[in-house]
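Two complexes come next, and they have one chain in common, chain A, joined by chain B in the first and chain C in the second.
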Partner chain A sequence: MDMNVSTVSGMSVITLNGRFDAFEAPPLIKWFEDNVTKDQAHVVVDLGGVGFLDSAALASLVKGMKRCRERGGDLVICNLQQAVRIIFELTGLNRAFTIAETREAALNAF
Partner chain B sequence: MNSGRQALRELTQRWKRELSGLAQAWLDAGAEQFALVDESASESPLCAFPKEDHSPYEWAFCVRIPLRAAQGVNISVCIRRVPAGGMAAWLAMLEANARLIAGFLERERELDTLTREIVHNQDLVLALYDLNSALSHPHDLPHMLEALLEHLCRLTGAIGSVGLLRHPVRIEMQRNAEIPSEMLDSHFDALSQNGKRLAVQLPNGSSLLMLPLKMPQEVERVDGMIALISAAPLQSPQIKLAKAVMEQAGTHFQNIVHFEERVLQARIQTEIELARSVQTRLLPSKPMQIEGYDICGESRPAFEVGGDFFDFFSAPNTPFVFALGDVSGKGLSAALVMTMSRTAIRSAAAFAPSPLTIMKLANHNLYDDFTELDKLTTVFIGKCDPESERIIFANAGHSPVVYTDRETHAVMLEADAPPLGVLPTYIGASGRVDMPPGSVLIIATDGFVEAENEADEMYGYNRFLETIDSIKHLSAAQIVQTLYDTLNAFRGSVPQGDDQTIIVIKRVGDAEMS
Partner chain C sequence: MRIAIVSTYPPSRGSLNEYAYYFVDHMRQKPEIDEVILLVDELPEGAAYPTPPEHVKIIPAWKFGALDNAMRIRRAVQEVNPDAVLFNVQFATFADTRVAGAVGLTAPALVKQAGYPVVVLLHNIMETVDLSKAGFGANVIMERVTRTAGDMFTRAILSADLVAVTIPKYVEILEAKYGATNVILAPHGSFQDAPPPQFDPNPSVLRIMAFGKFGTYKRVEVMIEAFKLLREQLPGTTLELVIAGTDSPNAAGYLESMKQTYADVPGIVYTGYVAEEDVARIFTEATIVVFPYNSTTGSSGVLHQAGNYARPAVLPDLGDFAELIREEGYTGEFFVPENAASLAEAIRRYWDNPEKRQADSMQNYLSSVGIPISEVVDWYLLHIERLLEARAAKQPS
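Up next is the complex of A and B:
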């Protein structure tokens, strides 16, 4: 999986591509630990390039969400492919995350 | 008398018979005494024929014995009172005697040297044998290093030694040496660069020779070093011997490392098998007998232990409660969290009246720990009364949950709340599904739908639903078995990647009863 981080309007946007599973989750968790602070607690995760994620991947996103919210921000996910959207719905995680249709909508969600 | 002179005296004693032959010729010719005299000593001669003492300054002739290897030793053959006749002839005879005695003494010295070399070589052979025995038997690296230091000192004559091992563990050992660790490390780094050997002089003037220790399979890496301390720099034969020993030692060290790794693996394997046994015993082992229902549950971890669990709670005159969960991640960490989750749910189920209340309590109790551990657990909890035609449930992010009856196709029941540990407060509601005769509720873990085949295709929800539709007329146990068999056939040679756990609850109808 590729992980790319850019800054748009002062917010971090993480773009993920490929299969997102237990082997790929640790770098993302480390990024959240190193970079989410009180001053930088708004993060967008663009899952447009992700066709599958497993429970460990979901746990890493939950970790990021909790960390952002504890510091007064939020983690917004966007661009979900149909298969990934179904995973979020089946696991009820659509009720825990802020989910935006597009990256622009995600950036405006804060 | 110093030891050198003592040795000379012993030498002359051994050649006494030959010397006495020479002396007799002189005495017969009229000389008064024949003797060998050490010029550097004013004491009595080394040997004299006859033995009487005379003043050391009263020799008539003294001719120095021409010893080739004599270093600071000057021995002369001396005559007291020259026989009558030509002086020149007598002097020539005495010189011939001196050359003859020189020959005796040189032969004797060579013999001595050869004997010492043979004894030394025998000692080396013995030391090498001891070293080989010592290196073949130790059970751990410290003992091995100790044996190596001891025997290298013996073989090379070093007065002190130091061993430093850096891989796979750090061990530092000094024998009759006190070299600061920082200095050793700095020398080690220099030796690692150089890779062969390094000689330095210590502040106290003694010499330090460092040789690398390399394990054969790690040819590029220096794993440790031995440093030998000697008063004077070690010579080429000793260095060659030490290098040969170090090469052999590398193999022995590697064998120990492999042995220790195998012991560690065996210990871990035993621990894991114990953990597996504990986990297996935590799962319900007997089929659940509930009036009006046919129930079967089974769990198959992908590895020795897993993060899936299921549980049945039943007591007389109370509804039957069942739970199934899946902890995020796999292996030992998931297994530990699995036991936590199971305990939290079991405790809550002991006095909570409904699946929703159990779920709320469990989430409340697990949330902080799950946040700390970066874990989450999907859980489905259901309750059914005997003879009742409905199941009440709460679903925290669990999937797949499938419902089907005689009339309709299998459908997925979506969770209305995220898994436990995601939100501090459980936000889901209570769900309900009617269970007319022949209806089946199947709760499985994602190991079923996410299994992949050789073409990297996922089994998927559609295949899962289609299979259930085709086997829903079977008993709960048969449905469980068929679902596992179908999945295994789909996977082919691809190993099971995730834990697979399932509960099948079938409402027994008239057809099934008969």
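Up next is the complex of A and C:
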């Protein structure tokens, strides 16, 4: 999986591409641990390039969201492919995360 | 947040006690938790619950087999007045008799009626329970009656705010049959956050291992031919082929015939039956685990074991097998079934590339252990917080 981080309007945007599973989750968790601070707690995760994710991947996003919220920010997810959207719905996490249709909408969600 | 959990708990021997132990131990350590109140079953006379850990209170509030469990649980919840109530249950949690078992399962509905947010972690569903094995179906008519009653009590459970199950098929069944919209899939979680076994990037011996019962669809001829090729290709390397296991019950004498056929090939070890206490050693001593299958019937328990011990896997490229194992998160090097040269090449790809061997071993390990229960607890807390927020939003300001 490819992971690219950019800054847009002062917010971090993480773009993920490829299979997102137990093997790929640790670098994302580390990124959250190293980079989410009280001054930088708004994060967008663009999953447009992810066609599959497993429970470990979801757990890493939950961890990231908790970290953002604990520091006064939030984590917004966007661009879900249909297969990934179904996994979010199946696990009920679509009700726990803020999910935006597009990256622009995600950036405006804060 | 104060959470009441209705469950069995050690030293009670009721089912799910171990799950509750780990779940509670992680939940009590979460910063958002002030107290976990365990509403547990009464122990037999003379037995007692141990002093609970910090932030945990244990209250015996129901008795296995009793008819008044649901009412008692509701009363206990009202007395401790938690922010939310979580039930860790399966169909036979409250009794092994039909009536008491079913009445106990109305507890989530009663607690919700009393005004508390209720989440049920349901470990099985009636539709997939073998009633005769569970002690609920003495004959066909009684089994039908039990299933009809089971439908009613499943609906009672589904009146909870949220019902979590650990198998995707359960979500499908509950949504399709009962029209449920409050059922979610939650990972079971692994009990221990165990570190992976040590990985030796430069072993002095290339030890290839196959594990199982041989002679039907698991056959060793092609693997031995591949081993012979590797011996020629790697003259300076010590090679060993470990065939761990016995004949399949349907192929008596198979391994003995292989021993005779390949008696001239040095370096092959036939372990015979592998006792439970030797399984870990057999796997951790292997450099590479080979799956010499010419057909499969689905996923592979041996692959799960290989993952548990952080081993790289060399697998046959068979039908949906590759796709299936990738969906489960595992990986490996693939070979053309029944092709010794292809198998030897797949083994070489790992042997010549220690970094890939290590990376794939780690991936298999992570896939086998799933996510730790500490992270599963976060999911539940997230859902409970959402329920509490929704309730707060509904209340007039």
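Convention: the second predicted complex is superposed on the first by the 110 of 110 C-alpha atoms of A that agree within 3 Å, B and C clash if a C-alpha of one lies under 4 Å from a C-alpha of the other, contacts with A are read in each partner's own complex, and residues count from 1 in each chain.
Keep this in mind: contacts are C-beta pairs under 8 Å (C-beta built on N, C-alpha and C of every residue); 3 or more make two chains touch, one makes a residue touch a chain.
Computed from a predicted model, the values in this text were never measured in an experiment.
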{"item": "Superposed partners chain B and chain C on chain A - clash or fit", "value": "clash"}
{"item": "First, second, both or neither for A:Ser55, with chain B first and chain C second", "value": "both"}
{"item": "Which superposed partner A:Glu101 touches (first chain B, second chain C, both, neither)", "value": "neither"}
{"item": "Which superposed partner A:Lys66 touches (first chain B, second chain C, both, neither)", "value": "both"}
{"item": "Partner chain(s) touched by A:Phe23 [first = chain B, second = chain C, both, neither]", "value": "second"}
{"item": "Those residues of chain A which chain B touches in one complex and chain C touches in the other", "value": "22, 52, 54-56, 59, 62-63, 65-66, 90-93, 95-96"}
{"item": "Chain A to chain B touching residues, read off their complex", "value": "22, 29, 52, 54-56, 58-60, 62-63, 65-66, 86-87, 89-93, 95-96"}
{"item": "Interface residues, chain C side, partner chain A - complex", "value": "162, 164, 168, 171, 184-187, 327, 329, 331, 359, 362-363, 366-367, 370-371, 375-376, 378-379, 382-383, 386"}
{"item": "Of all residues in chain A, those that touch chain C in their complex", "value": "21-23, 52, 54-56, 59, 62-63, 65-66, 90-93, 95-96"}
{"item": "In the complex, chain B residues that touch chain A", "value": "326-330, 371, 374-376, 378, 395-400, 412, 414-419, 421-423, 427-428, 446, 450, 458, 461, 498"}
